[in-house]
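Chain IDs A, B, C and D follow the sequence of writing; residue 1 opens each chain.
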Amino acid sequence: MDSSILEPIEAAVTLSVIWIGLGVIGLAFMRAPRLITRAVFPAGALVSLALAATGLWAIGAPPSAAILPAGLPDLPFHVRLDALSGFFLLLLGGVSFGISLFAAGYFRDTGATALGLLSLQYHVFLASMAFVLIADDAYLFMVTWESMALSSYFLVTTEHHEEQNRKAGFIYLLVAHIGAIGILLCFGVLHGGHGDYTFDALRRAELSGFWPTIAFLLAFFGFGAKAGMLPLHVWLPEAHPAAPSPVSALMSGVMLKTAIYGMIRVIYDLIGGIRWEWGLTVLLFGAATSLFGVLFALMQHDLKRLLAYHSVENIGIILIGIGLSMVFIGSGHPVAGALGLIAGLYHTLNHAVFKGLLFLGAGAILKSTGLRNLNEMGGLIRYLPHTALYFLIGALAISALPPLNGFVSEWLTFQASLQAPLLESSVVRSLVPIVAAVLALSGALTGMCFVKVYGVAFLGQHRHELAEKPREASRWERAGMLWLALACFALGLLPVFMIGQLNNVSQALIKAGLPDEAMASGWLWLVPTSSAQASYSPLVFLLVIAAVFGLTFLVVRHVYHGRLRRSDPWDCGFPAQTSRMEDTADGFGQPIRQIFAPVFLIHREIPRADDPRPVFRQEIEDRHWNWLYSPIARLAEFLSGHFGKLQQGRISVYLLYSFLTLIALLIFLQ
Amino acid sequence: MSITSGIVFQVLQSVLVVLIAPLMLGWVNQCRAWLQNRSGAGIWQPYQVLNKLFHKDAVLAHNASSLFRATPYILFGCMWLAVGIVPVLATSLPFAPAADVIALVGLFALARVFVSLAGMDIGTSFGTLGARREMMIGFLAEPAMLMTLFTASLISHSTSLVTIVETLAHRELVIYPSMAFAAVAFLMVLLAENARIPIDNPATHLELTMIHEAMILEYSARHLALVEWAASLKLTAYITIGIAMFLPWGIAQAGDWAGLLIALAVLAVKLALAGAGLALLETISAKMRIFRAPEFLGTAFMLATLGMLIHFLLEI
Amino acid sequence: MPSLPLSSQLINLFAALLLLLAFAMLTQRRILSLINLFALQGFVLVLSTGVVAYSTHQTHLYYSALLTLILKVLLLPWILHRLIRALNVRWDVETLIDIPATMLIGIVLVIFAFNLATPISQIAGTITRSTLGIATASILLAFLMMITRRKAVSQVIGFLAMENGLFFAATSATYGMPMVVELGIALDVLIGTFIFGVFFFHIRETFESLDIHHLEKLKER
Amino acid sequence: MELLLVLGVPFAGGIVLAFWGHRRFAPELNSGMSLLTLLAAVGLTARIIADGPILVWNETFFVDSFNVFLVALTAFVAFTTSLFSRPYMRIELNHGRLSPNRLRLYHSMYQMFSFTMLLALLTNNVGILWVAMEAATLTTVLLVSLYRTPASLEAAWKYFILCGVGIAQALFGTILLYFAAEKVLGSGGTALLWTHLNEVKGELEPTVLGLAFVFLLVGYGTKVGLAPLHNWLPDAHAEGPTPISAVLSGLLLNVALYAVVRAKVLAEGALGTHFAGNLMMGFGLLSVVVAAFLLSRQKDIKRLFAYSSIEHMGLMTFAFGMGGALATFAGLLHMTVHSLTKSAIFFAVGHAAQKSGTQVMADIRGLIDSNPTIGWGLMIGSLAILGTPPFGVFASEFLLLTAAMHQQPWATPFLLAALGVAFAAIFGKVQPMVFGTATAKRLPHPPALIPVFVHLAIVLLLGLYIPPYLAEWYRQAAALIG
């Protein structure tokens, strides 16, 4: 290639390095907080935008690679930017643009030192994510992967004075580390003992027998741990609430996606030769994850925890899409496989957008009211109209309601699952629709959950006497949310453009894409396979509803009148309508608690009849702690206890050890 | 077919259905009355109610937000779109490809979410109660609905209603056991989704049992009118979907006027029968406790899924 | 083995003596006599070294013999005597394992050491091939003694006895190490002993006793 | 010439400080001496890089790229540690835990200790190597008991007895080596010279060498701190003054391991089997696992990191035992980064303990508030030692594991499991110490934290970029010890 023209990869590397530079500048000028919020973060946002452009550019362009003058002596840092990386760069840049804008406003009144460190960690976090996406050898990948975990860990523990934030950080980093070990092992297996650790070598390495499956399982475990897949999700609902809201948005919106990227990169690209059994594994885990995630989300009353559990759910949905595509590819139907892959990737993007938006909204609420507990909110729509609007858009999007973006990707996933008749094995063929049913169920539950959130937080009367009237979010914050809200609309109303890009990605990755008819049917009509089979046009959809809305409004006003009286709500003859009579978040979830009781571990504390000051308290716990994590902890404790016995302080015993060792070795020698 | 006649048909169908929807409601109520040996208010009653409501002055709670006021229109818009998409009179209408069955379910979900939010907006205990119950019913009914639709679409290898109807309408008559399961499931969903007995009782305002009425308790005058109208539209839309899927014969192609007349006649008969049947069902069954509803809809979900499995095991 | 030259017979004799002494120390209860035995062992060591030196005309062995005489027969016993007088720990030593058991283990060790050394002795070219086994044995016995004893002093004596065994191995089996190494070793032993002395006083003044069961605080609880 | 300086300066320093070690300027003098040593070592290194291995003074001293790199490392860490010990020891003096006399002892012994280590590294004579090792024990044993507390006495006693006995085994091993060597090389001086031994290692008597290696391994292994011979190590680290803990962990263990590796080279050569390597791998693995599981039981901060030293020593031993260019490279790299990181950690730990007046971790809280530099030093250091990228420890562990994965696949799960457990244990204890609300008092002297961050910076650099000459150097060394 001609080196005079700039290549995508060079742009990507430069931009990432600029990010790090910005972070360092932030640290250097930590005494000038205004500079950081007004200059560094906006600059970072601009870099995000440029990076997104680079990503878009790279999706079309042929893969471009480079070697950085650093790394191990035998293994310098390789970087490569192909369509897949490009797509994820687009995601990273696009979402982080909004988040950085928001952060510029959000971090206004943080302490100087904290702000300096924050900007360093924040931008290093962004840069390491970018590098993860373009890493092209195992070592650079691991390094950046762990730096990502590390920087985000420090961000999570920003408010380290609270015990539970520290706990969250610890669990987070621990799980991340264990996952990383799994990934490292996976690379080791892929390597198979010859060549070096560049991805090219790993691609070329021929694995035989059950080794590919082992590699797959390791990768699935390692990346699943990062993505928050069941049952490795435990860190997620701890860590996301602990972090400052923009960081939660970044972690949940983008970082989890790097795990998805890693999974696709390793399974589709490095291991290759996908088998349908793998797909089934991913599919089932995905289904379980999504259902579990939404059920637990419904039980939460901490807004950010709730959103975190929804990230778990959406990761499940993404995994369903990818699992479907793996099943189809594995049983020789690449086109259907491409459809599944595209569905998965599109949902990845959509989730990044609306989850980012929702976390930013939660941040705005937290900043203006200081509340995270839904049960204390209420009626916020009167104080935070803009935030309320953006949050509503995000809520509709995540609830997979047309015509917003969440619906498009779930629709595509359904379409993919309806390709099931292609499959030979009747078991799989009938499993796939059941997974679709699970998807439908969790989609509907999500709707319920966000009715709860929005209704309890923004509507109704407010339950909690606030010190002063909540302030609407600042300009920067609103700009950040607006950007993501617009993205929700754009991706929802004109999906065809992005689907086209994703088609390139899947062409590049699995050498198969959607049928030409699908692509040929124009920008208005989204057609997965053929127009006879299914089609969807969100724009028409919206226009009709809007038209009817306007029409009815006019007619009603014209034919009749627009007279209106204000009065108190109707109290059914019961005079005192206080806010204590509304449903709390817990109250709203009660039907679910009742229906799915066996899933939860519920501790209830019901007041006795003669209780002077009656209190009702209940905790919903995650069963996974009991059956999975505590046993492991206990085992380690047990072992260490026994190793501890080795060392009880008597020098004679110590001498005996070395004596016996000597004797043993001598015997062994003979 | 020419695009103009297509548009004409589209408008014709939409307007027609929107107009007859209250009639459908009135018809059902009338049949109920007859079955209960009452004389009944006559099938035109709903129109008079709507008219009266439109004339009244709207009364709004002090803390009602703009969302509360927008909801009735959004609701009405969604339902109108729904009946515009479903092939009631004719297939291959220009709007049809705008949404397939999944989108249709999404559409209903959208409407449900908005009406529930409106219910919570004022912050009375009834509104939240209704919203909670509505969402509970909703999340149980929606997957069941999807499953029934999937069964049909797996048979016709398509999720667009038009194709489904055409394949099912113009095939030689073969027995699809899966469709039988689907039909039962669909019926149960229909009852639940339209707030009919045994899930909800449209004719009562008894706090402990009501669902739909509880949500819209705060609405009055034109808003209430639109909500009620939308409700009747929803009922009609469901019934027509059922007709389209399970007894699609006699539907016309867009653009052939002769077929249209037959289609009209056939439709009238079908709707009349469906209304009567609905009334019969409502008369012979009793409203069940709210927490029996999950069992009811769970059964529907099971039946639908079973239908699909049967399709995979027997019919491919 | 009938036709061995007198020198090697002597050396074997000394070797046997050495082993005997090692056993004696293993079973000895009184610290004073323990020290005497140690001195005696040193003396035997000197003699054997002398014989080796004489029979193989290795002059530098004379020096190391002299060194041993000064260090292990005169100096160290004298220091130890002074120490126990200063710290008055003359009383009996109680062992962790009772004497007969210790004896049995010791015998097992000797057998083990011998069959460990046999293959090596086959290829040893020196006149003193069989002594390597005995050296090993006495080392192991000293080790055992360190394990079984409870008093710091007796542990130290065990340690020094081990040094003796090593020294014997060095001289008799390999005609002694290079002089520089010999010197280094001797120096280390000397410093070591001094440090031991220092320690005795510190331990003594901290715990009012030299019983090492005071030294069992640091452990994994 | 540089060689003479490298050895002479610390020796002289020891003698000088034996007289002036209690004066006010003593700490500076101490650092000055160490600095001179460092400069000399650098000169020596430069010379070796320039014109290859050298043999001097009728072959008594032999410097090749293997030991010169250790010499440079030793001199460097010794210097930084002396820098750290300046304020540290002053503070100890203010707190009245030390008397001027003991300070004198400390300074003099500090120099002597570095002398013995350098001697052990530089000598060509296996016997002298032994002497130097023994001397290293003797010099440090009094430093461990410097505070004269019962605990420190006990620790020193155990250290002394166990290492003494171990060293005695090593001596027997050396004798056996000589015994075998003189068959080939004839008796006299040359038979203990490593260069000669290395040339003829093929002809040495296998059975004898096997026996010799066992004794050497048990002997020097005790000093390396291989389980189950490690019991002295945590006590000695915990009870001695922190600079000593730093040099023990950072240097002495390396030197002992160096001795083991030299022995291994001979044994492998003689036996022609992989016997020695297997033994080392076994010991290494055992140490890693045992240490990892003991970590979670620690309450004393210095004990904690002592166990982590055992774990890392186990890793290196495993690497060297595995052999092969890649593994040995990894082992050497790990030796470097571990020395740097661990000593840095001990610097931070020392000041942390002084600030909160205790070594009990439960009472050390919120360092990041009370003293950000100490807090971050401890945090970053621990993360580095736990093998989180982008630090050098990860680089070496990555190489080590990848080497293990295709040379000894069976061992990798154990290693990784142990690493995971260690991570949970150490990080779970470090985090609450660094974060949270502070419990600390002011220090009479400003802590010296430049060494901490210098070390960590180097480690970070090694993680991201290994300078080519350094890599080349490692490769030569790896080739030497194969």
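The rule is short, and it goes like this: a residue touches a chain if its C-beta (ideal position, glycine included) is under 8 Å from a C-beta of that chain, and two chains touch if they have at least 3 such contacts.
Note that the coordinates shown come from a computational prediction; the quantities given were computed from them, not determined experimentally.
**Q** From the C-alpha centres, identify the chain that is farthest from chain B.
**A** Farthest chain from chain B, going by C-alpha centroids: C.
**Q** Looking only at C-beta pairs that count as contacts, which pair of chains has more of them, C-D or A-B?
**A** A-B
**Q** With chain centres defined as C-alpha means, what is the inter-centre distance between chain C and chain D in Å?
**A** 31
**Q** From the C-alpha centre of chain A to that of chain B, how far is it in Å?
**A** Comparing mean C-alpha positions, chain B is 36 Å from chain A.
**Q** How far is the middle of chain B from the middle of chain D, if each middle is the mean of its Cα atoms, in Å?
**A** Going by mean C-alpha positions, chain B sits 79 Å from chain D.
**Q** Need the CA-centroid distance for the pair chain A / chain C, whole Å please.
**A** 70
**Q** Would you give the residues of chain B that are in contact with at least 2 other chains, written as numbers and ranges?
**A** none
**Q** Return the residues of chain C touching two or more other chains; collapse runs of consecutive numbers into ranges.
**A** 116, 143, 146, 155, 212, 215-218, 220-221
**Q** When you check chain D against every other chain, which residues touch at least two of them?
**A** Residues 157-158, 161, 165, 211, 234, 294, 297.
**Q** What's the complete list of touching chain pairs for this entry?
**A** A-B, A-C, A-D, C-D
**Q** State the interface residues of chain A toward chain C in the complex, per the touch definition above.
**A** That would be residues 643-652, 655-656, 659, 662-663, 666, 670 of chain A.
**Q** Within the complex, which stretch of chain D touches chain C?
**A** Within the complex, chain D contacts chain C at residues 125, 127-128, 130-131, 134-135, 138, 141-142, 145, 148, 150-151, 153-158, 160-161, 164-165, 168, 171-172, 174-176, 178-179, 182-183, 187-189, 191-192, 205, 207-208, 211, 234-235, 238-239, 294, 297, 299.
**Q** Which residues of chain C touch chain D once you look at their complex with the stated criterion?
**A** It comes out as residues 58, 116, 119-120, 123-125, 132, 136, 139, 143, 146, 152, 155, 159, 162-163, 166, 169-170, 173-175, 177-178, 180-181, 184-185, 187-188, 191-192, 195-196, 198-199, 202-203, 206-207, 212, 214-218, 220-221.
**Q** Mind pulling up the chain A residues that touch chain D in the complex?
**A** Per the stated touch rule, the residues are 69-73, 113, 139, 142-147, 149-150, 157, 160-161, 163, 166, 169-170, 173-174, 177-178, 181, 184-185, 187-189, 191-193, 197, 636-637, 639-641, 643-644, 646-647, 651, 654-655, 657-658, 661-662, 665-666, 669.
**Q** Quick check on the complex: what are the chain D residues that touch chain A?
**A** Interface residues on the chain D side: 157-158, 161-162, 165-166, 169, 210-211, 214-215, 217-218, 222, 228-229, 231-232, 234, 279, 290, 293-297, 368, 372, 383, 386, 388-390, 394-395, 398-399, 401-402, 405-406, 412, 416, 419-421, 423-424, 427-428, 431-432, 435-437, 463-466, 468, 471.
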